[in-house]
Amino acid sequence: MSKTYTDAAAALEGILFDGMTIMAGGFGLCGIPENLIAALRDSATRDITAISNNAGVDDFGLGLLLQSRQIKKMISSYVGENKEFERQFLAKELELEFNPQGTLAERIRAGGAGIPGFYTKTGVGTLIAEGKEHKDFSGETYIMETGLVADVALVKAWKGDREGNLVYRKTARNFNPMMATAGKITVAEVEELVEVGALDPDHIHTPGIFVQRIIQSKDLEKRIEQRTIREKGE
Amino acid sequence: MSKTYTDAAAALEGILFDGMTIMAGGFGLCGIPENLIAALRDSATRDITAISNNAGVDDFGLGLLLQSRQIKKMISSYVGENKEFERQFLAKELELEFNPQGTLAERIRAGGAGIPGFYTKTGVGTLIAEGKEHKDFSGETYIMETGLVADVALVKAWKGDREGNLVYRKTARNFNPMMATAGKITVAEVEELVEVGALDPDHIHTPGIFVQRIIQSKDLEKRIEQRTIREKGE
Amino acid sequence: MAWTRQDMARRAARELRDGFYVNLGIGIPTLVANFIPDGMKVTLQSENGMLGMGPFPYADEIDPDLINAGKQTITELPSSSYFSSADSFGMIRGGHIHLSILGAMQVAENGDLANWMIPGKMVKGMGGAMDLVAGVKKVVIIMDHNARDGSAKFLKKCSLPLTGVGVVDMVISDVGVFTIDDNGVTLTELAPDITVDEVRARTEADFSIAEGLT
Amino acid sequence: MAWTRQDMARRAARELRDGFYVNLGIGIPTLVANFIPDGMKVTLQSENGMLGMGPFPYADEIDPDLINAGKQTITELPSSSYFSSADSFGMIRGGHIHLSILGAMQVAENGDLANWMIPGKMVKGMGGAMDLVAGVKKVVIIMDHNARDGSAKFLKKCSLPLTGVGVVDMVISDVGVFTIDDNGVTLTELAPDITVDEVRARTEADFSIAEGLT
């Protein structure tokens, strides 16, 4: 039973359907599964609920799926970089559920770990708390948040092996490890598909059990949103 | 503000008090903070509530603190290897709270992550569920478990630096990473105290923010409980 | 002729499938690893924080930092990974393990399992057993069909404190194999020379007989 | 003469202590990093998964895998570590960060903060702001004392949707410094040439004046 697929289109074959829930890793454009998002766009799957911290930019990342109107609903913490998103949302063509970033991260981790609900003080007394169960612990008030799972999780790692073991690089790790655990099917793309045994067992961030399909990324752009530098001498 | 101390006794100075709650990492005798446990025994601190997956053996690990009658209560998942424990418990000299191992691990992780309660299906319908809040999610019943924190967490890592960054080795990782997050004060002992910069930032298991004090372990025994081998040719 | 421990482990190995991630309990379940069919890829999880468990070490390979959940020294494989206990039980509770094979003191006909405590007698703890039976997709029990004093262990209702409610999917004992599902208990296989009547005499639980089983 | 952005950042830096772990918000708060006193050890956390943030990179050091929470390219330090978003917010929610310095649209005299949403106008999201104000031990706000139209931002009650309730411990604006605690709001410092009367005129919130402040 091989987990390795030739490309993104092959890796998504047979697991997509209209109305499905997708998770996509990344923070801004850092650590996003570029190849898999492009293949999802090409699949023309519709009415997707997309769980992702951000919504990409107009012509890259999940922005591609917004342009093609494949996304029905987004669950995100911040979508400030995407004009098309704002247009569709204000025109009520798109549903939106904002989650505080830490709550979103924890809901995904909980979903993957078999925890259907947990309490947090994040958002108590704000719009986020409306309609949610409140409970006091040691005299402080918390709200209940629920676990999130997806039909398919799309993640991006730096290195991976044919067992599905993954290693992330620097801040490109972000939401990818939790999402890998929360997909009923998790598909990973990696910059370098290495031999089994090449990854140190103590350094593996995502054990292979969470990854059902894996591909080597091709032609990654790895765009930078805010190129901020200092001058030599500073 | 240096985090480095000369030895275990120095690292525990000023933070111990009678009736305190201690966490101690390790699974069986694997990955236990040997030096720190010995220093805690020498401190003669009394009426300790000890949170640890196991209770050591009669003459090693937390067993040392049982022998010296410093422990008032244990929160553990399995204590089968310790005869003195069984004797004290049956004589009602020791309080005991059994937690399922995964529930214990998650309670500690929750405590460190600011989550006062979460739901799990582990233990539903058993003694463990008695008196706990039950709640249904998608037609299945779960029980609520609470987060755990400690006055002081004692952890053992393989390598660490003066910033408190820690790396664990093989299955000696076990409960140490969560406990490091759940101590109001966390004290770490490491086999190798390395220079800052020697640990790859992508491979650090416990970021230094969680560790307030760190020492280089001395004279580790690293005992093996079940020496199980195969013969050459098998 | 009743099945031996080896026979039971061999039979349990037939529940393995290619690509499975499996957790084996302490005792007889550990023996199942010896019967993984050639060419079948099965990955063993150890709940103390390891995926891809290798065989026991040679004497010169022993490493105190490398043990299984039974505290036995083991080895790693090229595919192995290590993780914390919280991540390990996230894996277990989250339903990512396909199969868990465990021992039992008692099993009830509704799938209840008791395997951790004898009130007033044993103070050991449940370890990871409650998490495993609650979280793993399929739970197979290997046990002696009767206690040493001859009393039934496969009961209408467990008398010992439970490890999990309605969690057992299959029982493999020295007399045969039983499935437990919405249709109740079904005897699906018999050990050689064991008769249905003998099984009935040694079992308190109600069970039906699979078609074709004599 | 009111304080400039640099002045406010410099003043905020005086809230730093040796050994602190600190999260700086986007905008003026980012400038605080430039005023960490020599010899003081302060570690910057970035909520997208990094501890020990270095300065912006030289042009030839840019790495698309290394950004801060404002999506700006940054660098690492020898002491840096990376972790997932779940671990990062565990750190934040669990109270392990000593100080967070953030911007604000409105602050109320009870410490309520609004800095993420203008109904019907802005669709951006709260990002990690709600988690930071709920979890971090001390929250310091840097903001212009009044909106562009001159209206007050330091209010009796916020009119915009809240980011957190009773979470602000200190406000540093271009006119001075205010603490918020069980005693309510106290004006503790004034920018040069700013008078208490001027501050009163430009502030809706009730506040008392610290002893010795003219």
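Which chain is which? They are A, B, C and D, in the order written, and residues in each are numbered from 1.
The working rule: contacts are C-beta pairs under 8 Å (C-beta built on N, C-alpha and C of every residue); 3 or more make two chains touch, one makes a residue touch a chain.
Please read these numbers as outputs of a predicted model, since none were measured by experiment.
Where the contacts of subunit A and subunit C overlap, which chains show up?
B
Among all the other chains, which ones are in touch with both subunit B and subunit D?
A
Using each chain's Cα centroid, which is most distant from the centroid of subunit C?
Farthest chain from subunit C, going by C-alpha centroids: D.
Between subunit A and subunit B, tell me the centre distance in angstrom, where each centre is the average of that chain's C-alpha atoms.
About 33 Å separates the centre of subunit A from that of subunit B.
For subunit A versus subunit D, what separation do you get between their C-alpha means, in angstrom?
Inter-chain centre distance comes to 28 Å.
Quick one: report the Å distance separating subunit C from subunit D, using the average Cα coordinate of each chain.
That pair's centroid distance is 55 Å.
Mark out which residues of subunit A touch at least two other chains, giving numbers and ranges.
Counting only residues that touch two or more other chains, subunit A contributes 106, 109, 113-115, 120-121, 168-170, 173, 201-202.
Which subunit C residues sit where two or more other chains touch them?
If we look for residues of subunit C contacting two or more partner chains, we find 76, 82-83, 89-90, 92-93, 135.
Which category does the touching pattern between chains fall into here: line, ring, star, complete, or other?
Basically it's none of the tidy shapes, so other.
Check the chains against each other and report every pair that touches.
Pairs flagged as touching, ordered by label: A-B, A-C, A-D, B-C, B-D.
Over in the complex, which subunit A residues touch subunit B? Could you list them?
On the subunit A side, the touching residues are 106, 110, 113-121, 135, 137-138, 140, 142, 146, 167-170, 173, 200-203.
Give the list of subunit B residues in touch with subunit C in this complex.
27-31, 53, 76-81, 85-86, 89-90, 96, 98, 100-106, 108-109, 120-128, 158, 168-178, 205, 222-232, 234
Which residues of subunit D touch subunit B once you look at their complex with the stated criterion?
Contact set of subunit D toward subunit B: 18-19, 21, 41, 43, 45, 51-52, 76, 78-83, 89-97, 135.
Quick check on the complex: what are the subunit A residues that touch subunit C?
Touching subunit C from subunit A are residues 1, 109, 111-115, 161, 163, 165, 181, 196-197, 201-202, 204, 207-210.
Would you mind writing out the residues of subunit D in touch with subunit A in their complex?
46-50, 55-59, 62-74, 76, 82-86, 88-90, 92-93, 112, 117, 123-131, 134-135, 161-166
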